[in-house]
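Some structures to go through are shown next.
After this come two complexes, each holding chain A, first together with chain B and then together with chain C.
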Partner chain A sequence: MELLVNSVLLMLLVATAGALVVVRGLLASTMLTSVYGLLSASFFVTMDAVDVAFTEAAVGAGVSPLLLLLTVAAIGRGEPRAAGALPILAIVLVTITGALLIIGTLDMPPFGSADAPAHTHVAPRYLQLSGEEIGIPNVVTSVLASYRAFDTLGEVLVIFTAGVAVLLILATPGQRGSARPRYTPGSHSEPHTILQVVSKILIPFILLFALYVQFHGEYGPGGGFQAGVIFASGIILYGLLYGLPTVCRVVRPAVVETLAAVGVLLYGTTGLLAMLDGRPFLDYSVFAANPVLGQHIGILLVELGVGITVASVITVIYYAFANQFEMAEG
Partner chain B sequence: MLSQLALLPVLLPLIGAPACAVLRRPTAAWAFASTVAVLAFVAAAALLQATARQGVIHYAFGGWAAPWGIEYRIDLLNAFVLLLVSGIAAVVLVASRASVWHDIAENRRTLFYVACLLCLAGWLGIAATGDAFNLFVFLEISSLATYALVACGRDRQALVAAFNYLVMGTIGATFILIGIGFIYMLTGTLNMADLAQRLPGLGESRTVFAAYAFIVVGVCLKLALFPLHLWLPGAYTQAPAIVTAYVAATATKVALYVLIRFSFSVFHLESSRLALSLEAVFISLGVVAVFAGSLVAVFASNLKRALAWSSIAQIGYMAVGVGIGTVAGVQASLIHLFNHALMKGALFLALAAIAMRVGGNELQALRGIGRRMPLTSAAIVVAGISLIGVPGTAGFISKWYLVTAALAREQWLLALLIVAGSLLTAVYIWRFVETAWLDQNPAQPATPPQEAPPLLLAGTLLLALANIYFGLDTRLPVGTAAGAAAGLLGDSAAGLLGHPPAPLPGAGAP
Partner chain C sequence: MSAVLAILSGACLLLGSFLLLTGALGFLRFADFYARLHACGVTETLATALIILGLMLLSDSYLPPFKLLLILLFVLFSSPTASHALAKAAWNAGVRPRDNQGKRDLPLPAGER
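This part shows the complex of A and B:
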């Protein structure tokens, strides 16, 4: 049964990818990207990677297609037909790469095999000892927020960098007359009454769910990344239906931009506190006399940092794209 | 404090970047970023001293022992690259203010410096880490920040150049991730030292082969090794002047470090069946890069673009050193990594000053610049003769070690080609000299001297003089590179004694 589900999902993924290559219209590509994200999320669920599925569903199927949509709406949906003959060199290169990937799988341990090196070398300690050493049921959280916390700090910084990059390139209010307000009222926000009413009912639950995912990450799938994305999607939904100026009054852009840095700083400071005590960076055992309790506190703090930065950066990126769209409209 | 030293060079810009974002005033951001870079440089210098004295320094993040946790194992090679990158970053950021104020709109300057610090954190994180996946994470940080910095160029073409760089760079990063994924699947570990122990036991596995192939191609994309260099000329030419100096002197150097680290420390290329074929690949691609890059540089009408192509040529020399594959070869490659950063740092900083005064780097516009900006032009000439490899400059030391490494393996033709490549370099440096001093600009016959702003000039001169200093006193690059290369190839006895391929060239060498 699982084999069947996996095969069907993978075949759909391949078909979507193929369609993405063939299809010409930008709007169609965007919708296919969203489909691809949703299929990937489903596939991650069948692989028992629910944490990743959460994020993929929100970002891959939701936020990034939305950003693409805003871009398509601003620049027009046609794609000029590529001139010239078949890109033969590119096809040859892609074929070689694909062949190399397949060759690479030949000597791989069989899929799902219990005695593959990935399951016998480092992983067993996580499974067996994280209960005593860190004391939380979700081993994924233990690994990413404590054993490999420095990687996670790096990942948060990647997200922060993405926000900085978007702001550096897109938010250029000074370019066309310096007096121009940063977020101009849009002309497209004619009321969608039904959607507005439904979303007003939904948004509190979305935000509440985000908080649940944030603070329940130690026990079940979830954590800062997932919570941040869900929280931001609540804000974005509000922005979509009530217009950019309204959502900017509720969640001020300057505040969100600062919060993006504050989240990383919270994570970093949590690590620094251990150094003040002479312990290595990100050693949470300094937070309490009982090292397991210290781990709890440390994980809670860094996850909070992750959640704040992720939610803020995604909101910032949405603001920048939506602002671009409104400038194209106005 | 000493126990935390291994982490400091990375931690300072890592925490500094978000802290810088909170600052409101651009001048404060500039001062903050410069201070952070200088402190990182001081920490890196202390770290290099410590590694030279006491060998490898371990640092276990979160107190978790490797391979369960992430670990830094700072050896001479790590410390050497950390010192170089943080040093260049410190000089460029301190010197950057005038040029950034000229190129970047006021409301973006703070974010510009945040991105600079993120880049620095990424590069230093790559150079310090002992964990393959951690390396990838920091590679992503530095790459994203670099794309954004390139896109800040004054011309709208910068967006296209940044987009090309982004596409190529993302393919490179994805390949590296696929490679790391493969070796994780085979060994169950991400720690480099642990990988190095477990990979040989797998024999001639096709998955190991594929993993290495993906990592090499991915890293060579980042390194801009011919023919994977297509992103580089556009990115270097279109980026804001300061960004070109910042990136050209560091990003490709870090990529070369990754190539060397994976090839010799993780995969033990030297004892693998692959060694012979890869040797041929690196040497031939390197030689082609030297000639192709130099030839395009000779005919370029824009000096910045000419020097971008020159970088492709110089990367070729470094690839040749890796291809030779002996301790001497890798040592030569590392020496050139160091010296080339000094040359290109000085050259691109000088071009930043010229762009401020002249409005561009077209050779046409540079006529008579030798009289208008005598010190800046002199710095270009000094760094230029170092690039050619004239005795008494750092460039000569690079070429000397590279040629002797080739000769030690009786590759006469290769040695000859290395020298011939220098002649081409001389051509495009001469073109600048001719334009700057011999060619009078009829439009503006008597322009008064108008030198670069003081800090920018100081940074340019400092790096130009470093080219002379390290041509005379070679202890730091040559000695450290010798120790690092020996450590990589597991031949510590021969390496630490310098394994001198030839008598050390001194001030008045042949």
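This part shows the complex of A and C:
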């Protein structure tokens, strides 16, 4: 049964990818990207990777197609036909790269193999000792936020850098480097009354659910990354239906830009506190006499940092893109 | 008692799946955008509700049905709203209802354009 579900999902993924290559028109491509994200999320759920599925559903199926949509709306939806000549250089390059990638996979251990390095290196230790060393049920969180906390700090920095880069490229000159809307209210032809009413009912629960995912991440699927994207989706939904100026009054751009840095700083400071006490960076045993309790406090703090940064950066990126769209509109 | 619940749950799941199937059929076969949207939107809401109800009946503790109830509430809000948004976007983009063969636009009531 699981094999059937997996095969059908994979076939749909391949079909969607094929359609993405074939289809002309940027709007259709964008919608197919969203479909691809949703299918991937379903696939991750069947693979028992619910943590990843959360993020993929919110970012892959929601936020990134939305950013593409905003871009398409700003530049027009047609795709210019390529010139008549066959792009031979491109085809050769793509073929070589693809062949190299396929040859690369030949060296990998077969799928699900018990003696793959991923299953024999440190994973058994994490799985066996996480219970007594960290004492939380979700091993994914204990690996992400404790055993591999330094790697995760790197990931958070990558996200932060992405937000800074988008601001550097898209922020309008003379606006102190932040995406402030230049937009007069009332240019929307008609209000989305029904959507506004329904979203007003739903958004509080979306934000509440994000907080649940954030603080329940030690016990169930979830954590800072997932909570951050869900929280940002709530804000973005509000912005979509009420317009950029309104959402900017609710959640000020300057505030989210600051919070994006605050999250990374919270994460880094959590690590530095251990160094002040003469321990290694990110050693959580500094927080409590009982090492397991210390782990709990440390994980809570770094996950909070991750959540704040992810939510803020995604909101910042949305503001930057939406601002471009509003300027293109009028 | 549990046998009755199992039968009820099975009936709900079966009916829900059947409705989804009719929705998919309508989506493939109907003539114009609005009829297709109607087929999917209407059946999907009821089918999801029935399937979730069937799953709730199967559970033996109180937490899963509660979570399923929350999902059901969310679907009851989001699914009709999504259909509405689609229909409105299509109307604003100039898509008009068509006749049964999907060949030409139907005449609209006075005052619509």
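Keep this in mind: the second predicted complex is superposed on the first by the 282 of 330 C-alpha atoms of A that agree within 3 Å, B and C clash if a C-alpha of one lies under 4 Å from a C-alpha of the other, contacts with A are read in each partner's own complex, and residues count from 1 in each chain.
Here, a residue touches a chain if its C-beta (ideal position, glycine included) is under 8 Å from a C-beta of that chain, and two chains touch if they have at least 3 such contacts.
These numbers were taken from a predicted model, which means no experiment stands behind them.
Trainee: State whether A:Arg148 touches chain B only (first), chain C only (second), both chains, or neither.
Mentor: first
Trainee: Touching A:Tyr284, do we find chain B (first), chain C (second), both, or neither?
Mentor: It touches chain B, and chain C stays clear.
Trainee: Check the residue A:Met275 against both partner chains and state whether it touches chain B (first), chain C (second), both, or neither.
Mentor: A:Met275: touches chain B, not chain C.
Trainee: Chain B or chain C: which reaches more residues on chain A?
Mentor: B
Trainee: Applying the document's definition of touch, where does A:Val264 land relative to chain B and chain C: first, second, both, or neither?
Mentor: Only chain B is touched by A:Val264; chain C is not.
Trainee: Which partner does A:Val302 reach: the first (chain B), the second (chain C), both, or neither?
Mentor: Once the two structures are laid over each other on A, A:Val302 reaches no partner at all.
Trainee: Looking at A:Ile236 after the superposition, I want to know if it touches chain B, chain C, both of them or none. Which is it: first, second, both, neither?
Mentor: neither
Trainee: In the overlaid three-chain picture, which partner chain does A:Leu195 touch, first (chain B) or second (chain C), both, or neither?
Mentor: After superposing on A, A:Leu195 lies in contact with chain C but is clear of chain B.
Trainee: Which residues of chain A touch chain B in the complex?
Mentor: 100-101, 103-109, 116-123, 125-126, 146-151, 153-155, 157-158, 160-162, 164-165, 167-169, 172-175, 257-258, 260-262, 264-265, 268, 272, 275, 278-285
Trainee: Taking the touch rule as given, give the residues of chain B at its contact with chain A in the complex, in rising order.
Mentor: 3-4, 7, 11, 14-15, 17-19, 21-22, 59-64, 67-70, 105-108, 111-112, 114-115, 118, 121, 125, 131, 133-134, 137-138, 140-141, 144-145, 147-149, 151-152, 159, 178, 182, 184-190, 198, 205-211, 213-214
Trainee: Considering only the defined contacts, which chain C positions touch chain A in the complex?
Mentor: 74, 77-78, 81, 84-85, 88
Trainee: Residues of chain A touching chain C in their complex?
Mentor: Against chain C, the touching part of chain A is residues 192, 194-195, 198, 201-202, 205.
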